[in-house]
Structure formats: C-alpha cells, structure tokens
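In the part that follows, the structures are each spelled out as structure tokens.
In the two complexes below, subunit A is the common chain; its partner is subunit B in one and subunit C in the other.
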Partner chain A sequence: MAEIDTLRDQLIEELWLPMAREGGARFYNSRRKNKQMKLFTLTDGINFKEISRLEDNNLVQRGDCVLWVSNMIKAVRAETEALGVVLNGSICDELISTATCQLNPLFPCDILNLDFSSQDIYVNNSRIEKELEKVESFIVLQGQKRSKGFVLLQTTVVNSEDISRDNVKRVSDAMQSSGWGGLALDAFPPTISSNTQKMDLIKKVAELLCQKYKYNIFKISSLSKDINTQQQLYSLAVILVR
Partner chain B sequence: MKIDNQTKQVELPFKVNKEVVSHLSLGLYRNFARAIKELISNSYDAGATEVKIKLDLDRGEIIVRDNGRGMSLEDIEKKFLTIGYVTQPSDKLDELGRKRIGTFGIGCLSVFPYCNTVHVITKKMDSDDLIELTIETQRFFTGTPSDIEKEKAKCTVHKSDLAKKDGETIISLKGIKQHLIKELRQKSGSGWSSIDKFSGFEKFKWTISQYSPIQFSPEQRILRSFFADAERVPMRLWLDGKELFRNVPENIEILDKGEEKFGNVHLKYVITTAKKPVEPEEARGLQVRLRDVAVGLPTDFEVSKLTGKVPGKLNYISGEVCVLDGLDSFLMIDRDSFSYTQEVSEMQDFFRKKLTKWSDVQEKWAVQDKDIYQALMPLKDSEPLIEELKKANILHFSKERLRLSKEPMVKKSRERITSTLETIKKALTDKTQFKIISRKEEPKDKQQPVEVKPKEKSIVIYDNHPEFVESIEIDDKKFSVTYDDWDYKKSHYSICKLDSSGKKVAFNSSHPLFKSKISEDVIKKIALGFLLIAKDRKDEEKLLSELNHLIETVFKG
Partner chain C sequence: MKTFKAERLPKLTKIMYDSQQRLSKNNWEDTLKANHREIEKLLVMVSIFDTWRNTLERKYGTSARDLIKETFMDSYMSIYFACMSLYKQAHVSLRAELETVLRLVYFSSHPIELKWWKDDKAFFKGKHVWGDNYDYFMHLDDVNNFKGKAGGELFDKVRAMYTTLSKYVHSNFSSFQTTIQGVAPAYKKAEFGKWLSRFKDVQKYVNTVLALGLSEDFKSLGVVNQRKVLKVIGDATYKRALKQSLGLIIRGRV
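Let's turn to the complex of A and B:
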C-alpha cells in the first residue's frame, strides 16, 4: 500500500506545480517577475510540502498563504512555520460562501488547493458529495470576491463508497446562479460505483460549475494514483478565467 | 541545666512551598528572550535538528516547536514536571554527537513568569501517543502559597498524526504578559549602538541568536568551518519563518584564532575586529560558549580593571571562545559564568593578554594608516590606490575612522619639507614591510602613480608620473617645483631660486622656515613672489636679501 504522503508528493510535482506555473504565467505574466500568487490550501499540517514546493518555484510567498488544517494541534504546528494565516476546523462543516465565514476577508486567492485527502474528514457517508458541495462554495466565494481567474486544485480519495448522482445535482442546484438550468449529469447512472466513473463525475461537475459561475476553462488536467487496488488518490487541476 | 525526663522525639518533614517555583523562575531568568533560550536548549538536548518559533503578539502567544525525541507520560512526570531534576554532566555524546546543555531540570520554569498558561504538545519517538499538557503558571505567583505537591498538571493522550518514528514537542505560552507585548512591540530608537536602541522584536531576535546553540550563517564560511564539529549534528532555528544564525558584527576580519588548553580545559577561539567600534556594544568582547550555548554576554574579562590600562581599540574587538571540554561541572546555575578555578583564572588571563595585544596592534595600525593617508592626500585620485593598499593589508582602517587633517601633510616640528613623491615613499617605506621600487621610466597611459603588488610584497612608484609633478602658480604663471638643500646663510637665494629657464623653482628644504609649523604653501608663494619682484633688478641681491630677511623675521616671530 502506497502512503498518501508519497503519492501527494508525486501529484505536487506532476500536476499541481505545472498547473500553478501555467496559471501564474496566465494571470501575472505582464505584471510580475515572480508569479507569486495568494494560496489557499487544505494542508496536512505535518510537512506543508505543497507550500514549500510552490515557494521554491517562486509561485507563492511565505507569509501570504491561507492554511486550513483539520485540528488545533495541526494549527499550532502550522503557526510555527509562519506561512500565513492558519485556520482550523472541519472544512465540510464550514459555511464557506457566507459573509460571516472566517475565510471571507482572506479571499480571493489565486490558487485554491482543495486537497480533501489532507483533512481528517469524519463523514460516514456522502463524503465526496460533501466535498463537491464545498468546491462549489469556494467557486462562489471567488466569484463574490470578483476573482478574474484562479487555479483550482481538487484532490480526494476515491474508494468503494458510492456517489449518488441525484444527491450531487440536488445540492448544487440548491445554490442558485442566474440563467443556470441545473447540473446536467444524465450521462451518469443514479448510483456511481466504479472508481473511473467517480473520477469522471468529479471532473464533469467541475466543468459544469465553471459554466454555472461564468468562468471559462483555460486548461484542465487530472491525475490519479493508486493507493491500493480499491482506492485511488485523484487530483483535478483547472485554470479558470473570466 | 535540668534535663527533663519527659522529652520526646518527633520527625518533622521538610516541605517545599510552591513559591519556590516563583523564586527560582524569577531569580534565574530575568529576561524573556533568555527564558525562551532555555526552551531552545531543552530542544537541543532532546536531539532536535529544527526548532521553529512563532511570535503572535496579537494573540499574546509564543510557540516553540521542535522535532526532537519528544516526551512520554513518564518523561513528563519524572523530568519535565520535576523541579530540580538533575542530569549529571557527562562526557558522553548523544546519537547526534552532542553533549547535554541542561543539567538542573529547571528549563520549563524559565517561562513561567511571562505567561498565564504553558501548553505542551509532545509525541515521543517510536510511540503513537500524542500528549497534551496544560500548566496554569500564574497559580505559582498569586494567592496563598501551598504545598507544591498538591499542584497538578492536566494531561490528555491522543493518537498522533505523525509517523511513529518521529518525535515532536510544541510548547505554547499563552497569555503573554502585557508589559512584554508592549516591550516586544517597541519601535527602534536611532542608531544601532546598543540593543536597547533596537526594536523590541529585533532585540528579542538578537538575544535569542546570541545565546542559542545555533550555527554561523553560511556567509561566515571561516567561522562556521573553524567551530564546526563534523561529528555533531547542528540545530537550526527559525523565528517567524526566518532562519536565525549566530550574531556576527558586520565586516569583521579575523585577527587571531587557535586552540588552547588550560589544565583540563580545552577551547577554541577566534578574535575579530570590525575596524570600528563593534555595534551593538553588547557584542563587544569575546563570547564564551559551553557546548555552543552562550555563557553570559560577550566579555572583555575586565581587562581595564585588572591591568590598570584602558586599551584604546578594545571596542573594535569581538569574537568567540568555545569551550570544548573541561568546564562542564563549573557552570554557575544562572549559566552566566563559571565558578572560579585555577583553569578559569588562567583562561581569563590568557584572553586579557590577547585583548590587550590586539588593541595595541590596532592602535599602531591607526597611527601608520594616518601617516599613509596624509601622504597620499596630494594625489588627485587616491581612492583606487587606497583600495589596493587595503587589499594588501597595508591600510587597515577607513579614512573616516581616523582624524585626518585637511592639510595634505601636517608637518611635525623639525621635519624638513619634501616633495609629494618623497613623502609617499617615506610613508610607505616607514609604515609597511613592502619593498619600495622606484621606476624612472615615463608611465604609460592610465598608469597609476603607485602600484601595489601584494604577491611580490612590493610597491612600485613611478617617479615621473604627472601626479608627482608639483607646481606653483603666481600671476597666472606656472612654475614647476623641486626641492634642494643649500646653506641659506651663504646665499641671498636663501629660500628659493629659479633655474636658467625661469620656469622651475627650487625650494631650500633645509631652510628653517620650512621646519616651522607655518603653512609651507604660504611661505613658498611669498618667497617666490619676492624672488620674481627682485629678479633682473640692479639691486636684486640686496633687495632679495632684505625681503627674505623680512619673511624670516615675520614668520619666525
């Protein structure tokens, strides 16, 4: 069984960094020598590897990041790294797109690293549905804060747990957007059981959410790594522009 | 005396009042940064290779995290919470090649006076348990004293998220005292002469960097390698995300370094000069270290007091004395000094002599430098030459550090007048060990008048360089100047004379007026002016004698 940390290191090098570089060039090419962007990251609170790698590549600046960790102990550890603002709690319980949310004044960000695999998410079922709901909330928050473009990195563990297509649609459609007719997921079966289909669904939802919130997709790319025969670490990277 | 047959024997217990904590912590660690240094030293002893400190003044919190061995519940009980837990100093090295710093078991007490709560999170290596511990520190300073054994610290055990092999300790000081926050937020005063002029944060940073067992920065290559121990794994320290290194004054040069033994005491030392007063002044003198940790602040070993002499350039000197062996048992409990032993006395005497010597050497350099700078003053562009002389270690100090006269060369009494060329040659001959080579050939284009050749230990001077051609102007007429010696009493041209072309004037170096302190330029111009007035007149000889006599009378008086 591969350690998630090792697989995450591979994702950083093979997907996150190349896409962040491309996003930096797209957003800041004419303005900055170093494409230093503001990062929001769901981080593991242990080694903060994604931040140090982005920093090594002059894509983000120490002190200018927003870190989310799943508990207070990790937050204390993260504080000593002096990487930026450290927040902690259960990301799935956070009402992200509300004005009172603690994240509100810290946004918009240029890179959103929504690495749900880094968080201790204690959810018995519908975990991926909840994560997709949070992804949408973050896109809404970026839109509210008038972000013209950002790099979305979305990572999750895909395992034997089924995804309910209708549940995904219902939760998303409850969030209104002018002129939006709802998530069109008819190509997927009501219960999504195969890991390949789950990954396709995650990608499709991301594409549709871009349309819903009037962002164009400049580039989209994904990568999956086998944790074992039943589980994959799946990561999707999208450069959204308006 | 009557002895009462009814006497009885009882055993009374010794009791430790909880105020002992207050006395110990307040008495030992009078400075917040030094108290934090104690936590850092604990991390070092715990085998940490990385220590990270975060200061959050808005929240009134400071966090110190290390990747050392961590603690188990038993370690916490027997070591961390046992006041006065003693670890005997040992010559044994741990797996990182380090010797223990702490021996008294009071490190955690150091921070008690400065915060309301100490929150500890620790995971011992090869364990899955993460222990959380909270100590309400203010109970030890307020209210009625009670038996310390009644005090309890609450511990919670969790499952750790770290790999089993990893260790970690995070100590958070919460509720930092307001006066400390105010102090840490204090803005800097003007200048850098003392750490008291630094901002509160910079002062904290300087103190931590001075005391902690950290390395020299990679830029301090020589110091880093001289004090490095290949067998010992160093500890790195970060404050608010920036790595800290040992304080080293700017632009220092090494004067002396070596290893010495005084009985059982074995040490390495480096003495440096900043070639100006070391700033901040707290860095002046030699920093003594035991196992990489500072013992007090830098010291001059009371050289002035004990030698009865004030070495003038002592404030230019800084450096380090790293005790490698032999004083482990002689460190005083406040860790600011050693007990007075024969070896300590010998060591101090040795460094007093060194400091006096290097102060005297620098005083001598300053005198030499001054003479060379003055000699070079008539040159139009002396800067490139000054740089070369500095590189060759002929000049040691910058012009600004020496009180130079604005006059090119202040004549000393009874010194004869000479040309710029001769003055420079004399200064360089007298003040350097370099061989002075005179070149008579015409210099090439852009040729500097003086060339320093450090490898050959020689200085080449081009005698015929235009820079050395001296001239004097009177009534828009330019005369080239030479110097000669003749008996001024036997000639009416007692001060100067013109050559047959009438364009070259020779001044009499041996004339007493040029040995006086009167500006030679003034005398030269008046004497030449009188010569030009008298020239070609029938009574030239008489008139010139009278005029020269007049100058001599006026200026001699």
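Let's turn to the complex of A and C:
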C-alpha cells in the first residue's frame, strides 16, 4: 500500500506545480521575480510540502498563505512555520460562503488547494458529496469576492463508498445562481459505484460549476494515484478565468 | 540585533538562554524516553476539544469557540510544561483549563454576563461566575440526575481537584518547583506520575461537565463523537451514569 503523503508529493510535482505555474503566467505575467499568488490550502499540518514547493518555484511567498488544518494540535504546528494565516476546524462543517465565515476577509485567492485528503475526514457517509458541496461554496466565495480567475486544485480519496448522483445534484441545485437550470448529470447512473465513474463525475461537476458561476475553463487536467487496489488518490486541476 | 546571534547576547541573558536551551532539550528527551506512549494518549484525549468546538461554535458563536480554544491550549500547555519538567506550571495550566470549561458552560446560557466578563466589569470581582459552592451547576437537572446514577456528587470531586490545583497557583510549599537538590527543573518520575494522574482526572471532569452542562449539544454530537467523549472520560461509573441520566443510546461496550 502506498502512503498518501508519498502520492501527494507526486501530485505536487506532476500536476499542482505545472498548473500553478501556468496560472501564474496567465494571471501575473508582468511579475517576473515572484508571482506572489495568494494561496489557500487545505494542508496536512505536518510537512507543508505543497507550500514549500510553490515557494521554491517563486509562485507564492512565505507569510502570504492561508492555511487550513483539521485540528488545533496541527494549528500549533502550522503556526510555528510562519507561513501566514492558520485556521483550523472541520472544513466540511464550515459555512464557507457566508459573510460571517472566518475565511471571508481572506479571500479571494489565486490558488485554491482543496486537498480533502489532508483533512482527516473520517466521515464515510456521503463524504465526496460533502466535499463537492464545499468546492462549490469556495467557487461562490471567489465569485462574491470578484475573482477574475484562479487555479483550483481539488484532491480526494476515491474508495468503495458509492456516490449518489441525485444527492450531488440536489445539494448543488439548492445553491441558486441566476439563469442556471440545474446540474445536468443524467449521463451518470443514480448510484455511482465504479471508481472511474466517480472520478469522471468529480470532473464533470467541476466543469458544470464553472458554467454555473460564469467562469471559463482555461485549462483542466487530472491525475490519479493508486493507494491500493480499492482506493485511489484523485486530483483535479482547473484554471478558471472570467 | 536584526539577526539573532546568541553569542552577541548580554552576559546574564546568554547564561540563561544557554541553560534553558539545554534544559528544554534534556527534559523533553528524558520525559519522552520514559513516557512517549502516555503523552501520545494525552494528545489524543485533548483532541476531543476539536469535536466540542465544531459543535459549540455552530450554536453559540465565536465566544464558545474562543473559550474552547483556550481550554484546549491550557491542556496542551499543561502537557508542554510537564514535558519540560515544569510541573508547577503544568498544574497551573490544569486549573486554568478547569476554570475555563466551568465558565463556558455558565456563559453558554448567560450572554449578558459573558459580555460583562469580557469587558472586565466589577460584577464578577472576587467571585466565580458560577457562584459559591458551584451553585449554578447544582441547579441543573442533568447534573442532579447524574448524581443519582453515579452515586456521588461530581462537584465534590471538581472542588477537591480545584483546591489541589490552586495550591500550585498560590505556591504552597508542597507545590514548590525548587528542591533541596537543586533549582533547575529536571525530569522526576514521581512528579510526572502525580501530574499525569491529575491531568487524566481533569479531562474526566471537564468532559463530564461539558456533557451535563451542555447536554443537548452533547446529545447532538452523534454516536461516534459521543463515544469519543466517553472514552476520554474513561471512568466506567461516570460513563454508565452519563448514558443513563442523559438517555444515550449507544450500543455495545464504550
């Protein structure tokens, strides 16, 4: 069985960094030395590899990042690195797009690293559905804060747990957007059991959310890594522009 | 000094800096060599405050979040001080943890008093917000139901623990950190053991007070998180009394 941390390191090099570089060139072409992109990251609170690699590549600056870790022990650890603002809690319980949310004044960001695999989410009931709901809330927040474009990195563990297509649609459609007719997921079966289909669904939802919130997709790419025969670490990277 | 250079420190500061660096390293290592498994268990125990915070913040807002964060930090710092062999300070942090939780329960239903307390108004000067002899808690039905099931008064235990911990706050002779053998803090098995036992007791009382004082919130945690809280409480009598007095439906052994 491969360690998630090792697989995450591969994702950083093979997917996250190339897409962040491309986003940096697209959004801040005139910034030569350092793109100074603002990063929001769901991080593991242990080694902060994604931040140091983005920093090494002159895409973000130490002290300017917004970190979210899953608990207070990790928050103490994260604060010792002086990487920026450190927040903690259960990301799936956070009401992200409300004005009172602690994230609100810290947005918009240029890179959204929504790595749910870093958050010790032990819920096995509708976990991916909840994560997709949060992804949408973050896109809403970016829109509310008038972001013209950003890099979205979305990572999750795909395992034997089924995904309910209608649940995904119902939750998304409850968040209204003018002129939007609802999430069209009819190409998927009501219960999505195969890992390949789950990954296709995650990608499709991201594409549809871009349409819903009036972002164009400048580039989209994805990668999956086998944790074992039943579980995969799936990562999707999208550059959204308006 | 823009860049920190230890060799450029003034004489006494340098002596203190060097000795504290060495003490910190040695005491952490000596403590963990003998107790790393126990410390890991304590860190798992205090992680329960993440669970409480997630629930209480949703209902009571940022004040509950702040009080729970402080509670966590008091418990975390108690472990930190114990690992540094600073047993007196480790006990002081435990009393702070206990006090903060008692306040949290009281303020959860007293928002006006909370504001007075935050504003440092004279109203609470020289007295505990929860009243003499833990009066406030004595009037809570769930606390009284628990008393019947547990066969004893929880707040007698809380009072006894508070009194013990207060000796460290007020520097009673028995709580002195210096000994006849020396002044520098060093790992002492017996002192660590005494602190460890009290630490576990405080977590038991704190989580029981939260479960009873905020019983509706405890019930809303769901079975998985209720089990986690009960595991931290540990004491079989307390767990059974909580399950019976609050009518918890948790199947199997907890």
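Criterion: the second predicted complex is superposed on the first by the 238 of 242 C-alpha atoms of A that agree within 3 Å, B and C clash if a C-alpha of one lies under 4 Å from a C-alpha of the other, contacts with A are read in each partner's own complex, and residues count from 1 in each chain.
One rule holds for everything that comes next: contacts are C-beta pairs under 8 Å (C-beta built on N, C-alpha and C of every residue); 3 or more make two chains touch, one makes a residue touch a chain.
Everything quoted here is computed from the prediction, not taken from an experiment.
Following the overlay on subunit A, a clash is recorded for the pair subunit B and subunit C.
When the two structures are aligned on the shared chain, A:Val238 is found in touch with neither subunit B nor subunit C.
Of the two partner chains placed around the shared chain by superposition, neither subunit B nor subunit C is touched by A:Leu223.
Contacts of A:Leu39 after superposition: neither subunit B nor subunit C is touched. A simple residue count on subunit A separates subunit B from subunit C, and the partner touching more is B. Once the two complexes are overlaid on the shared chain, A:Val76 sits against subunit B and subunit C alike. Using the contact criterion defined above for the overlaid structures, shared-chain residue A:Arg62 touches subunit B, although it does not reach subunit C. Of the two partner chains, subunit C is the only one that A:Ser90 touches; subunit B does not reach it. Taking the listed stretches 59-67, 149-157 or 365-373 of subunit B in turn, the superposition on chain A shows a clash with subunit C for 149-157 alone.
Shared interface residues of subunit A, touching subunit B in one complex and subunit C in the other, are 73, 76. Across the complex, subunit B is touched by residues 45-46, 62-63, 73-74, 76-77, 79-83, 120 of subunit A.
Subunit A contributes residues 70-73, 76, 88-90, 93, 122 to its touches with subunit C in the complex. Residues 52-54, 56, 63-65, 121, 130, 132, 158, 161-162, 168, 170, 172, 238, 240-242 of subunit B touch subunit A in their complex. On subunit C, the positions that touch subunit A within their shared complex are 43, 46-47, 49-50, 53-54, 57-58, 69, 72-73, 76, 224.
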